[in-house]
Amino acid sequence: MDEFPDIQARPSDSGFKLTRVGITGVRKPVSISRPGRVVTLVAETDVYVDLPADLRGSHMSRNVEAFNEIVEASARDPAPGLEDVCLNMARELLIRHEYATRAESRMSADYFLERETPSGVRTTEPFRLLARATALRGGEERLAIGVEVRGMNACPCAMETVRSLMIEEYPDAAESLRGDIPCITHNQRNITTVEVETGGEERVEADDLVELAELGQSARTLEILKREDEARQVLEAHRNPKFVEDVVRDILGLLLEKLDGLAGDTMVRVRCESEESIHKHNAVAERVTTLAELRL
Amino acid sequence: MDEFPDIQARPSDSGFKLTRVGITGVRKPVSISRPGRVVTLVAETDVYVDLPADLRGSHMSRNVEAFNEIVEASARDPAPGLEDVCLNMARELLIRHEYATRAESRMSADYFLERETPSGVRTTEPFRLLARATALRGGEERLAIGVEVRGMNACPCAMETVRSLMIEEYPDAAESLRGDIPCITHNQRNITTVEVETGGEERVEADDLVELAELGQSARTLEILKREDEARQVLEAHRNPKFVEDVVRDILGLLLEKLDGLAGDTMVRVRCESEESIHKHNAVAERVTTLAELRL
Amino acid sequence: MDEFPDIQARPSDSGFKLTRVGITGVRKPVSISRPGRVVTLVAETDVYVDLPADLRGSHMSRNVEAFNEIVEASARDPAPGLEDVCLNMARELLIRHEYATRAESRMSADYFLERETPSGVRTTEPFRLLARATALRGGEERLAIGVEVRGMNACPCAMETVRSLMIEEYPDAAESLRGDIPCITHNQRNITTVEVETGGEERVEADDLVELAELGQSARTLEILKREDEARQVLEAHRNPKFVEDVVRDILGLLLEKLDGLAGDTMVRVRCESEESIHKHNAVAERVTTLAELRL
Amino acid sequence: MDEFPDIQARPSDSGFKLTRVGITGVRKPVSISRPGRVVTLVAETDVYVDLPADLRGSHMSRNVEAFNEIVEASARDPAPGLEDVCLNMARELLIRHEYATRAESRMSADYFLERETPSGVRTTEPFRLLARATALRGGEERLAIGVEVRGMNACPCAMETVRSLMIEEYPDAAESLRGDIPCITHNQRNITTVEVETGGEERVEADDLVELAELGQSARTLEILKREDEARQVLEAHRNPKFVEDVVRDILGLLLEKLDGLAGDTMVRVRCESEESIHKHNAVAERVTTLAELRL
């Protein structure tokens, strides 16, 4: 058998170009070089290129071939971040799909960092990395790194309402239900996402974003908590009661400082979703903006 | 075209019978008759029959045909519960798959009940129904109804540890930190499941199981809560702090009373999963048993 | 107890406004009026408003109250489409959140339509509705209706490659392997999404979008297929082999005709995801554009 | 602060023991030693112990501590399989929960194996490992290893019906639509699960189970397929058309040989779920049994 027909390369008579054509849900182990170590992540990946109006199909197998090349390169010489792997992928896609004007790659992966409990026990905490990159034929490149962090938030509104209610119901304890002492409220798990998209030259460290997200929440969650540690975390959350709105704004403030040197067109997305303990639904706050707008 | 070959009916030379053969993920609207009203549920359904060693394939299209018949019957004359629809389905499967010795049907669906907030506002709360039935060729039938309820639980252990910690840190507020006054703790959303499987004759009301689950949790969750209502729910949860173990055991106690007249071989499953606000993982307690064993 | 503090209304000193604040994952039954009937859908809903920099929190309970009002109105006088319910909700949100400049509502729900098999058997097929609306304080309104349709596509490239391979391997069967006769290829389930966003005055019928999606796929899927019907569907898919790119473009062509009278700024999104039977990953094509651009 | 109250250790007056109490959804990196290499998996883990009637709560933090110990041990001296990690965990749980009579651990993880395409290209294919172990205070231990494999199956019934239909519709090609030549049919992705549970002494190699699953399907799926390879895979699937029932039975036959030396009480579960390309629902076949019963 000599030659198979290249159906994808046949002209398309539709007259419609396509925004993105590619593959989703590819899973592969990818090595990245983190501060002081190399880690292997199981990346779940989507890649796309655009398709001109006059071409019937994209060559889908080139996507996985590009991926393999990038993964093998990452094994020999790990990129510093998952967003760099994405960018390398987007560049490779532009080379292999000569008809494309834009390539896009998205990866997410479980990611682990060491933390310490209040009493000094070391624990390995799971987070989620969200990376993406786009490369244009003309040379423009954008890349983004984001993190998803499970923390805890305690409601400031219910705390004050419960305080009033308790003062009524426990009048003999009223004096010690003063406003400077944390009071009962509902608290719950929340998922905080922080994502920063920069031009191709600038980089943001994912570990820093995890830290900012943890700082923004009422308290961080930890996988191991002995009795006293648990009490300290719970109390910290109640000394630090926050709406989802507060979490997002406090992280925006921290980001402004941390990303001080970055360009004004840097995109920032901060989102906090609280899995409300008193409702069956979730509460959410989000800001999507540029550094320039934040700096006003 | 006269006749298509019946490949499924061909003899199988494998010598292996199969435990279950069927279809999963079928979605259809099903009407059931609830106390005082008829409701239409979107049921997600799996049905199976067993297959003898000497038959190559089950006739899969008969499953959907049986389903359609049951659904049409339910529109004319709604069954009292989703578990009855399951049982009708299992019976119909045995008729249509003459080679099967056992038929099984599982359905789950969103389900809504009216609730009232502490201040008397009516709210529609979402729950999940879990129904199943099995029918044996010999005549034996079992059917089960279960509910999944999103509620709230407050940790009794952290409450006492936080109390100790606060007495240390706020010595002048000791008055409000007495053991008879609720104190700060972590609280969170939990998913409580209560399921009862009976012989073919006995029935358990799903609405009762929802109520038992709500009673077992530290407090119920409600979709609408104005400020004072919210404070009352939060305070109730803190007056009623419970481990997942407590939730399961309290519901078992309530079930024992409620299911007083039922046979000893009635199966009971109670499970409480707490989406811990201080951890990234969940805590779970579960009991699977018979009424006879519970009554000991 | 007189008055609880309104913590949300307190001034925020962050200086950061928020893009969206609201609730997600609310489930409620919603009635809509479809051609010739009223149907009740279980809608899963997210609603958001924006929040100015000088306000600490959004009044979250107003969201559910607005929802309840809309749902009750829908029971008395069903809106014609889920997107209308979304728009009513967005308007109500603007009224209740007097500080917001923009309100947004998204709903998705299982949805069922009658279909007929080639031999004339009626079957109830499940689809998914995706609706959303935004309303600006200034009066501008946009609303979108979309559908998600599970169909089948057969690969045109593999068909020709397999044909070449089979001609080599079965030279004496060359007669049935001519290019005008469908040949073996891989085929698979695919999820096709068609979404149209219009200004507040224009409407698109969801049932039409389902039909266009089905027409664009290699063949529709049906829940009941007796042997001959199954063969006809399979053969139809193989007479109509399509890349995901083809499916998207063919639907774009059909949309252009169907949406003939609509404004040029109407947004259109068509996406086809093929759950490849020969790969562990999926293939995707998508176009996001305006009618004006499509009409060029 | 000296001592915190041990609320969990307090007597329970419920009279109800609990079947399982523990934690779910813990994610941690775990090292295992595979043939010729050490791999690090991201294991998602659930662990449980039972709880006697007279104890109020299980000490949940001991579960994560046990996990940490096991993970650190796995880093120093990797266990040969994920099921061994589970067994070590179950043993450790029995030590740390002195009141428990039974401990249980379940882990699942993405897992990668090298494969070769028909033309010799190497590709890394993703699978899923499913491991679990139970340990009784009395000494009895059981452990299970399972795999989830995404492959392809082509329907043998539709192939013959389509053949008949095509003979009618293409009478001049009738001669070459003979029964010994593969014909058009619907094919689709399927998920095949093979799981083997043995007593504590015997082991089954996960890589072998993946291979058996692949052998049982109509054809394996591969992440990279150039045109000719794709045609070969598609043709292989059509030369090997199989119902889900066939896939399960063929794997049962292969397992019988492969597990020749294992005890009769070895549990075996084989399940094949086909994501039907012609339906919106899935087709499933499953057998749950012992080797002794299979050997009859």
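Labels for the chains are A, B, C and D, by order of writing; each one numbers its residues from 1.
By definition in this document, contacts are C-beta pairs under 8 Å (C-beta built on N, C-alpha and C of every residue); 3 or more make two chains touch, one makes a residue touch a chain.
What you see is a predicted model, and the numbers here were worked out from it, not measured in a lab.
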Touching subunit A and also subunit B, the following chains: C, D
Chain of greatest Cα-centre distance to subunit D: C
Between subunit D and subunit C, distance of the C-alpha-averaged centres to the nearest whole Å: 34
Length of the line joining the C-alpha centres of subunit A and subunit C, rounded to whole Å: 26
Euclidean distance of C-alpha centroids - subunit A vs subunit D, Å: 30
Sites on subunit D at which at least two other chains make contact: 1, 4, 26-27, 64, 126, 157, 161, 164-165, 223, 225, 227-228, 230-231, 279-281
Topology of the chain contact graph, where touching chains are joined (line, ring, star, complete, other): complete
Footprint of subunit B on subunit C - complex, ascending: 1, 4, 6, 26-29, 40, 42, 61, 64-65, 68, 71, 110, 112, 123-124, 126, 223-228, 230-231
Touching residues (chain side subunit B, partner subunit D) in the complex: 1, 4-5, 7-8, 12, 14, 16-27, 46, 48, 51, 56-58, 60, 64, 156-157, 160-161, 164-165, 168, 243-246, 248-250, 252-253, 273, 279-289, 294
Contacting residues of subunit A [partner subunit B, same complex]: 125-126, 150, 152, 157-158, 161-162, 164-166, 169-170, 172-178, 181-189, 219, 221-223, 225, 227-228, 230-235, 237-238, 275-281
